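The structure that follows is given in the form of structure tokens.
In this document, chain identifiers A, B, C and D correspond to the written order of the chains, with residue numbering beginning at 1 in each.
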Amino acid sequence: MKVAVIGLGRMGRAIAGRLLVAGAEVTVHNRTPGAEGELIEAGARAAESVAAAAGSSEIVLTLLSDDTALEAVATGGLCSALQPGAIHAAMGTHGVAAVAALAERHAAAGQRFVAAPVLGRPQAAADGQLGIIVGGAPDAVRACAPLFELIGQRVFDAGGDPQSAAAVKLANGFVLACAIEALAESFSMIRRFAVDPELFREVLTGGLFPGPAHAIYSRLMVDESYDEPGFTTALGLKDVQLALAAADRCALPLPSVGVVRDRLLGAIAHGDADRDWAVLAREQARAAALE
Amino acid sequence: MKVAVIGLGRMGRAIAGRLLVAGAEVTVHNRTPGAEGELIEAGARAAESVAAAAGSSEIVLTLLSDDTALEAVATGGLCSALQPGAIHAAMGTHGVAAVAALAERHAAAGQRFVAAPVLGRPQAAADGQLGIIVGGAPDAVRACAPLFELIGQRVFDAGGDPQSAAAVKLANGFVLACAIEALAESFSMIRRFAVDPELFREVLTGGLFPGPAHAIYSRLMVDESYDEPGFTTALGLKDVQLALAAADRCALPLPSVGVVRDRLLGAIAHGDADRDWAVLAREQARAAALE
Amino acid sequence: MKVAVIGLGRMGRAIAGRLLVAGAEVTVHNRTPGAEGELIEAGARAAESVAAAAGSSEIVLTLLSDDTALEAVATGGLCSALQPGAIHAAMGTHGVAAVAALAERHAAAGQRFVAAPVLGRPQAAADGQLGIIVGGAPDAVRACAPLFELIGQRVFDAGGDPQSAAAVKLANGFVLACAIEALAESFSMIRRFAVDPELFREVLTGGLFPGPAHAIYSRLMVDESYDEPGFTTALGLKDVQLALAAADRCALPLPSVGVVRDRLLGAIAHGDADRDWAVLAREQARAAALE
Amino acid sequence: MKVAVIGLGRMGRAIAGRLLVAGAEVTVHNRTPGAEGELIEAGARAAESVAAAAGSSEIVLTLLSDDTALEAVATGGLCSALQPGAIHAAMGTHGVAAVAALAERHAAAGQRFVAAPVLGRPQAAADGQLGIIVGGAPDAVRACAPLFELIGQRVFDAGGDPQSAAAVKLANGFVLACAIEALAESFSMIRRFAVDPELFREVLTGGLFPGPAHAIYSRLMVDESYDEPGFTTALGLKDVQLALAAADRCALPLPSVGVVRDRLLGAIAHGDADRDWAVLAREQARAAALE
């Protein structure tokens, strides 16, 4: 199968690399040249343009950082060059409006489209351990399945509408954001009562919250370790805004998400945009005059 | 060691039962008679009054449903009858103000006091699998240790101030409450986008949130199973109010907890006070015109 | 008519003074002696105890700072000494629970009770310009009417339940608190866009918001003048907490009031408890990294 | 002076009409034909396109319903046809991002741009009683002054940046939105305590809140009169979203505005998008199980 990967950030490179290891015929393209070096060594073909990458592929995977980039790629060659019947699988985290617009555009061109946002970090992609949430017409989802099985440990079928997959990704994301906010608030309370944060972390993770979300973020909060971000405050805000935009689109009040939004904005106002978003604990501490 | 257990609700009975199995000399008392039957069969002595139970024991465990009950027991014989040097361990979920007041009162009487709220359900107590968060003077904590090891799998030392243990319990509780609220909001979103709730649950629990909090409450929400409560909305509100009262006491903004408070009040207004507090998902659905 | 005024803070003194000017027979009492000097000169009789004041009066007005003080006065002589058929009019700002409890207690003793919280500052009382919100049995309200007309420009009849009058006072209070919070948020926004605060104030007060609430608080915010409090942050929190407690009592979500609560707590955490609660503008500015 | 008015909704027609009465030379254009009839009778010239209207005018006033319409007009002839040195005054309510982008575009073309959003209803425009908030370069503001004095009772100078004028309009708008929400919450509380809503309205408007915002919206809430909208819930949401987008742009937490956003979404979910946004009182009543 001829596959193109457009967008060679860390996730794009990891997915392309995994596909190459699995023997797929992979064309790669990045809007800013320079990211494709190792992939070419591993056997990828570099396309000079989005159109060149899209025109010669049965499935095009995009791994783009935001809706603006996705729109730029779509209108900058992808939609015009993709063959009828070929598939675009958008694997980034995108808003439901962008996904809906793109679905229409591809349908009008006789092309197929799935939203397939991923769960997990680039290393998981390299190891074939991602989760992939897929939404789109059943035939397109089936056509992508062999590919997704190469990179994903588990594929979640969100149904026939690509927007549904986007919504699942955003909802999963805001459950995490709310968990981080709740942790931030809880650590400020136990600090007020002079409790050892490590002790409190053990209560949480030794009991109701042993999973990675609480284990990872409570660790960062106990250590006040925010300067080597796994995921930044700015990116957190972007995802929360996509969730709120989805909520606007379907008239849905999300009060907890609104609280996180304000906390993220406060953190950014205080200069923490590029720190790990566990820094919400510090922002809450500021609000409580603990910093 | 002579132990009294005052307050024979489900947790009190489970703890007393566990102590009897372990061979402790246990006196029991409940404000409303009738709960002590099985415990007497198992070897407990029934005291006719709080004072009678307290006066003859080295350690008195109280398992009371709220601060009002704790205050009533404290002023209704416990503080007057407890021997100097004897220990009162309050194992219910109580507010920091009630705990602070009780600590002062016992100190004035030359008695010892620890707050020792528990984590887990009555069955965990019966199995010796509770978590116990202990706060109090080191000598008192040490004196209680053998007892706590009988009923608890793990003892968390919150430090020398009983209020600290109360705060840890309340903070752990509101992290849970916020998680339930975030789940409620997320399920309303994926319903709006026609996603199968079971699929979404798998995304959550198969990824970042495999622990019991998310597993249990997302299950109840998928099943819309609220009528056999493990923990009711009314009790949830009580705990959230205790957390907010602690926040008032130490001038701490807790915006996420405020959101949960309003959701709980809405659920109660809609008649769901005695349902499992997973019913917050239905209350959120009402707010979104999904019900 | 024989009237007692218990509680000689600024409002109590102003009301007693106004009654004396109008020729009423006034007995006064304050828990802490020393406040009654000028009133005695103006013709008041000083009672040595709550009971002495209450026992000899047809109507007892209490002007107490909070529910604790009201409870202390009620149980410290007022309820025991008041004659059957005599009236207690509680004119402070009190919670609905305290008012309900007091209503029951007076009814049990064959005494009459109205809640009659006031709107306006002490100078308005001295000038007979207060607003008075009255709740209680019609006969009691009628009996108080001549008195209230001396001190109030306008009497608002909230109906037969004293709690209703308390609720009106609290609701009016939180509409003000929310207005102050909204102003605080708006001033932070226009500061971000380099707008002259005085210009923005003119837009507000020259248009939709010419009334005293917005005129007074926007003036203080423009001038950043918080150190000569007309009403402190701490008192603002007290009133907001009473409103939230009333909401708890009747299962009512009040999300805007929850936001104000958190803002007030933040201001207090930052040391502004005793400043004018217009200082919420500074607290919002802190949250936005503008301070 | 040659003036064009583009956008002939109620406000555009009222402004154009006022200018014609004052003797100005007015060209009008609406994207959808048919709105210009009465204006032509009153002496206006109808332009067949945006470009035709813009190319022959010294000042172009746009009165457009949202940023999308403004963008469409700007790129659909306005920016290309406007003479160098001519002025575009955007008088609708627009977001700061749209205003900033338009300012750049006009500057690049050597044209002048001011943001001049209005305060007041169409009738106020017809009567020359509008408020106008102006932001832009001083020479452009000066050039517009004679025109603005014809239609506005008062011009507020927000400074040299058009974004500032937009921000003032949005901030004024959200202070109103928050006031409506606070009123909605307060009416639900007094309903719970069986208070006559009319009585409560008198307390508010007879005291701290006599101005039009509280007078108008409390009247609608007392009368539960939502079906002849002065301003709809959908438009309210649009303005609140613009305010939140401005807050995103400058990293500003606005928690009260977030609360209003959720309430508006809830109202829209319940089918009240096209009712007067005083219907937030009904939405709050739903949340409190009062409906």
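To be clear about the criterion, contacts are C-beta pairs under 8 Å (C-beta built on N, C-alpha and C of every residue); 3 or more make two chains touch, one makes a residue touch a chain.
Predicted model only: the values in this text are computed from it and were never measured.
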* To do: List every chain that touches both subunit B and subunit D.
  => A, C
* Asked: Counting only C-alpha atoms to place each centre, which chain is farthest from subunit A?
  -> C
* Structure fact -> When centres are defined as mean Cα positions, the distance from subunit C to subunit D in whole Å is 38
* Structure fact -> The distance between the C-alpha centres of subunit A and subunit C, rounded to whole Å, is 52
* Structure fact -> Contacts with two or more other chains occur in subunit A at residues 247, 251-255, 259, 262-263, 266, 269, 287-289
* **subunit B-facing residues of subunit A, complex** => 96, 119-120, 131, 133, 154, 156-159, 161, 163-164, 166-168, 170-172, 174-176, 178-179, 181-183, 185-186, 188-190, 192-196, 199-200, 202-204, 206-214, 243, 246-247, 250-257, 259-260, 262-263, 287-289
* **Complex interface listing, subunit A residues touching subunit D** => 237, 241, 247-248, 251-255, 258-259, 261-263, 265-266, 268-269
* Structure fact -> Per the touch rule above, subunit C residues touching subunit A in the complex are 255, 266, 269-271, 286-289
